[in-house]
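Both of the next two complexes hold subunit A, though its partner changes from subunit B to subunit C.
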Partner chain A sequence: MRWLLSSALVLVWSAAAAAKSFTGNRLLVVLEEQSEREKYSVFLEDLTSRGFTTKVESPKADKLSLFRHGERAFDHVLLLPAKSKGLGPAFTANNILEFLKLEGNVLVALSSESATPTAVQSALLELDISIPADKGAVVVDHFNFDSSSASEKHDVLLLQRPGALRSDVKNYFGGEGYIAVPRAVGQILGNDSPLLSPILRAPSTAYSYSPKDEAEAVEDPFAAGEQLSLISTLQANNAARLMVLGSAEVLQNKWFSENAKISGKSIKTANREFAQQLSAWTFKETGVLKVGKVVHYQDEGKSKKMNTSLAIPENNPTIYRVKSDVHFQVEISEYSNDHLTPFVPSPNDNIQLEFSMLSPFQRLNLSPIAQTTNSTIFGVAFKTPDQHGIFNFRINYRRPFFTNIDEKRQVTVRHFAHDEWPRSWQISGAWVWIGGIWVTVAGWLAFVAVWLYSAPTERSVKKTQ
Partner chain B sequence: MRVLSSLVSSLFLSGAAIVSAASSWSFEDATVSISTKGAGVGGGSKDKLNPSTPLAKSVSLGAGDTLKLVLTNVDGKTAKRPHQAFLTLTDPTTGLEESFVLSVKESGKGKVDLSQKDLPHQFLTSSKPLAASIVIGSFGSSAPYKSKVFDLQVSRDPNVPLTIPEAPLRYAAVPEIHHIFRSDPKSPPKIITLVFAAAVIGALPVLLGVWMSLGANANHLSKALGDAPVSHALFYGSILAMEGIFFMYYTSWNLFQTLPAAGVVGFFAFLSGSRALTEVQERRLAGLR
Partner chain C sequence: MPPKQRTPAATGAPSTPSSTPARSSKPSSNNAQDILQGIWNKYVDRTPQRVKLLDTFLAFLVVVGALQFFYVVLVGNFPFNAFLSGFSATVGQFVLTASLRIQTNPENKAEFENISHERAFADFVLGSLLLHFFCVNFIN
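Moving on, here comes the complex of A and B:
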């Protein structure tokens, strides 16, 4: 009876948890003109069907605030382009950054047809993402444009779905087909920040120009080629995510499955799936890592099986000896849309364990050793260094598009105890000294015997007489 | 790789477009010239560029040199000003690109000047020549043009130090560190140890032999045991036992096992020793020592 009840409870719980962001489902959609809502209706319905409770508000609506009682009032914000240059008191640059600090996720959609609000512009500048300052600046490409809708202006770019950022980074945005990026605002990402990563770069022949000033010929483009990013992301140190989508029209119904033409070839845009991938990543439905148990133990010749049950504590030793064999295991899961799956890093990537006191003494790649239904167990065996002190088992796993893992377990590494050293007779170099001692002992016993029991010889008797 | 493939595809694309479109962008009367500072007129090189085939030899840009590219943009046959006229340099190994905008007049004549200080440091240190391509495109239906026209070899003055900024941090796997253990203490070769150990042990028979030759003996053992049997047996026995205690301490005992045992043996040695030594003294007084 009881198990029936509990399994029913689990069922209810899993149904409620299905299709939901890892961090929460309160989504605020900021849209100035409520009449424009129709344009995004399919995208918003998709979000609702994935478990988000969306609230569409004008930025200047009464009592609208990102925060309530010092906590964030929404988990995610979608900022759609507005006609006016100001976004009102609820969306100052400071508020947007503060929202990121409270681990809220923001998807900022820009459009070259409306001016970017100053608050958004300065918030992005704060994060080292620069966008053109003048209104109407647009990305064009005379090579990869949609010749059915933009045969004259070349401002609807048709691009292949992006590949992986690097060979060791997982690609959450790939797939078949072309995506239409109409009237995009290009971004330049600061080179110094490891938190920024582009998702979609402009093709090498594209450039961003201002139609107002450079109608005849482009003289000083904002940026050109692959240095121009059309969709870029920031994942802060607290794993809050911000995505800058250069073209809000990517999310509009019109382009979700539109017939387009690129250099004579008719294609259908794959924007709907791409928009789903973009929002899923930004709102933490994908790319979220979770660490389960971290277990380490002294290797005494037999390997132990990790118990992943949460009911049993980690129960790790707190002290090891120098130069002893240690096993380390960690359980990592990846959240994928609505459930935890075993985490599989890219083939060229490695999760690394550092055994460190101030600086790492050992930094080792972990290899997957087992898999459960929703996690992978990574492990490595190594020898503690010949240095005593307070050490940390540390996993600091930071990669673009994954939430950060930073796990530490502190242990003491002690000296050899006095009875753990090899005995002197095991050291061949000591045999001379050991022999010396026993010769001395034997000599001493012989001397005592002679001193006690020696009779005088003839010669010495004579001498004494 | 992606850059390369996109380059190839766009080349292909532009090639295909040239065939199909009514008019297409291209250039005429293009020359690339290198003028070296202080070399005067006639110094440096000057080459004509062909829109369909890249220049066979690579153009070399020295430290003080200025590259000058002059061309006339044409749409079909007529000279015209395009919206986009770029000279794009590509590093073939990394795929890094940088575009330089040609300043184009109404007549379609365009030019760009380039010297080493305009190039990013990655280009200055590139080992392979940079691929220089010209991109011409504009709004409307004319097909754009993009093709590699020459290779640019940047030869830097090795005496001028170049400040290369440190590579920015990117989150990726870092090289492994394997702790290097201090080497274990080593013993000398066993044969040497055995020779010296044999020498040390060999010293005992030598010592005993010397004593014997000097007349050492144990002839009074029976006499001593006859006079004070208990105390002599106990005294010598306790000295042996003390050595045994030391042996046990060396192999297995700890100090708390050793000290009581040594105390008991020492007590017996003291009591029996005084008697035994009295007997020895009696023998000496009797002139037997």
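Moving on, here comes the complex of A and C:
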């Protein structure tokens, strides 16, 4: 009976855990006017079906707070554009940043049709993301626009799904089809921050301007070309994620599967899948790396199978000798929507192990040596350096769109013990001097023998003198 | 020591060349070979047998030490402790043997009157055993 109950509990628990984000499923959707909820209904339903418990609230609702008892009250926040310029006391810039510090994830959707709240604007400025200050600034492109809905204004951009940011970075947002980015607010990313990475850049023919300027030609655009980012991300060092989505309409039902026309060609937008990819990444359903067991051991010639069971704790040696052979293995999984999968780095990329004391003495590429259902086991063998001290096995792996890995295991590296040096006769170079000693000893023995034997002769010599 | 003996022999030989019958058989000359021959003969004649034995051993040690030294110059000193150990065994043995020679040489009797030859030899044996023990340990 008890067994039945516990297995039923496990079943329920696993069903609940089957589809949700890696860090939690409490999602707060901030929407000022509840009437606008209909516009996002498909997106919100998709989120619910993926296991999020969504709570749609007006930013000025009573008792709404991102925190409770010093912990975050929600795991994820989706900020949809609001009509008013203020967001109320629950969403000050400070609160948003504090929420990121507590590893909450934020998806900020902007729209050129409503002013960006000051709190959001200054929070983004804090993170080195700048957006145009004036209300209504919009990204237009006279080459990549939807001619069926924006034949005049050219402010509905039709863009191909983005490719990988770099050749060594995994692309979570790619796929077939065009996405419609209507009335977007472009962003400029600061050059100094390594935490920022754009997902979707504007095409080189796009520019951002404010339509309120009544001039014939745009004289001073906010930014132009690929320096404009339409969707940009920030992943903080604590792996909290923030996504700035230039156009909230990307998430609206209207554009999820709309017929559009680009340069005479009729297409269907793929916004629904793209919105799912964007939210999945921001709310940590994808791109989360998890380090399992770290094993290192002295290579004594016999092979050692890694015990990946989490029930058995890591039982690694704490001390090694200089110039000894050491094996290192680490288990890394990638979280993919609802389960852990073996992590496969991009072909141009390597996870590296550092064996360091202040600075690395060894920096080695880890190669995959085995795969379990949930993880890849990476390993490398090397020789400890000829330097004793306190060393770290360290894996520091930071890539855009992946959570950071920074694992350390500290060990002592000692020098040779006095009986670990090779004996003299094992070194052929020493044979000459070993010979020297023993020839001296043998000569001495012969001398002593002859000396003792010749004792009487000495007396006779003495007598003769 | 040979020089000490050599001085009276060398001075004796030119001053009274005809007094010694062994040398008078040959024509007296000052060429180097004759001088050396004279020195050698004197040494063979006058040196006690045990001192000759000591000298032989010393010469042997010099040869062994020189071989080791040339080897280290030509080939290199890779296990340096082995070189130190082997070379110092030979040098140390040379020093100890030289000490024994000084103490047991009848010519130095005046200076070492209170040290019997047996005592000197016992010191020598003990010192040598200690030296060999340290060298074998040091070479590992």
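The rule we apply is simple: the second predicted complex is superposed on the first by the 440 of 465 C-alpha atoms of A that agree within 3 Å, B and C clash if a C-alpha of one lies under 4 Å from a C-alpha of the other, contacts with A are read in each partner's own complex, and residues count from 1 in each chain.
Quick note on the criterion: contacts are C-beta pairs under 8 Å (C-beta built on N, C-alpha and C of every residue); 3 or more make two chains touch, one makes a residue touch a chain.
Keep in mind that this is a model prediction, so the values were computed, not measured.
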item	value
Touched partner set for A:G88, first subunit B, second subunit C, both or neither	neither
Contacts of A:R166 with subunit B and subunit C, given as first, second, both or neither	first
Which of subunit B and subunit C A:W421 touches, first, second, both or neither	second
Which superposed partner A:S454 touches (first subunit B, second subunit C, both, neither)	both
Subunit B versus subunit C as contact partner of A:G443, first or second or both or neither	both
First (subunit B), second (subunit C), both or neither touched by A:G51	neither
Subunit A residues touched - subunit C or subunit B, whichever exceeds	B
Touched partner set for A:G435, first subunit B, second subunit C, both or neither	both
On subunit A, positions contacted by subunit B and by subunit C	427, 429-430, 432, 435-436, 439, 441, 443, 448, 450, 454, 457
In the complex, subunit C residues that touch subunit A	48-50, 53, 57, 60-61, 64-65, 67-68, 71, 75-76, 78-79, 82-83, 85-87, 89-90, 93, 97, 106, 117, 121, 125, 128, 132, 135-136, 139-140
For the subunit A and subunit C complex, residues of the former touching the latter	421, 423-424, 427, 429-430, 432-437, 439-441, 443-444, 447-448, 450-451, 454, 457-458, 461-462, 465
Subunit B - residues contacting subunit A, complex	2-3, 6-7, 10, 13-14, 16-17, 20, 81-86, 88, 90, 95, 97-99, 101, 103-104, 135, 137-141, 144, 146, 168-179, 181-182, 187-188, 190, 193-194, 196-197, 200-201, 203-204, 207-208, 211, 215-221, 224, 232, 235-236, 239-240, 243, 246, 276, 280, 287-289
Subunit A - residues contacting subunit B, complex	140, 142-144, 151-154, 163, 166, 168, 191-194, 203-205, 207, 209, 216-221, 224-227, 263-264, 323, 349-350, 352, 354, 360-365, 383, 385-386, 398-400, 427-432, 435-436, 438-439, 441-443, 445-446, 448-450, 452-457, 459-460, 464
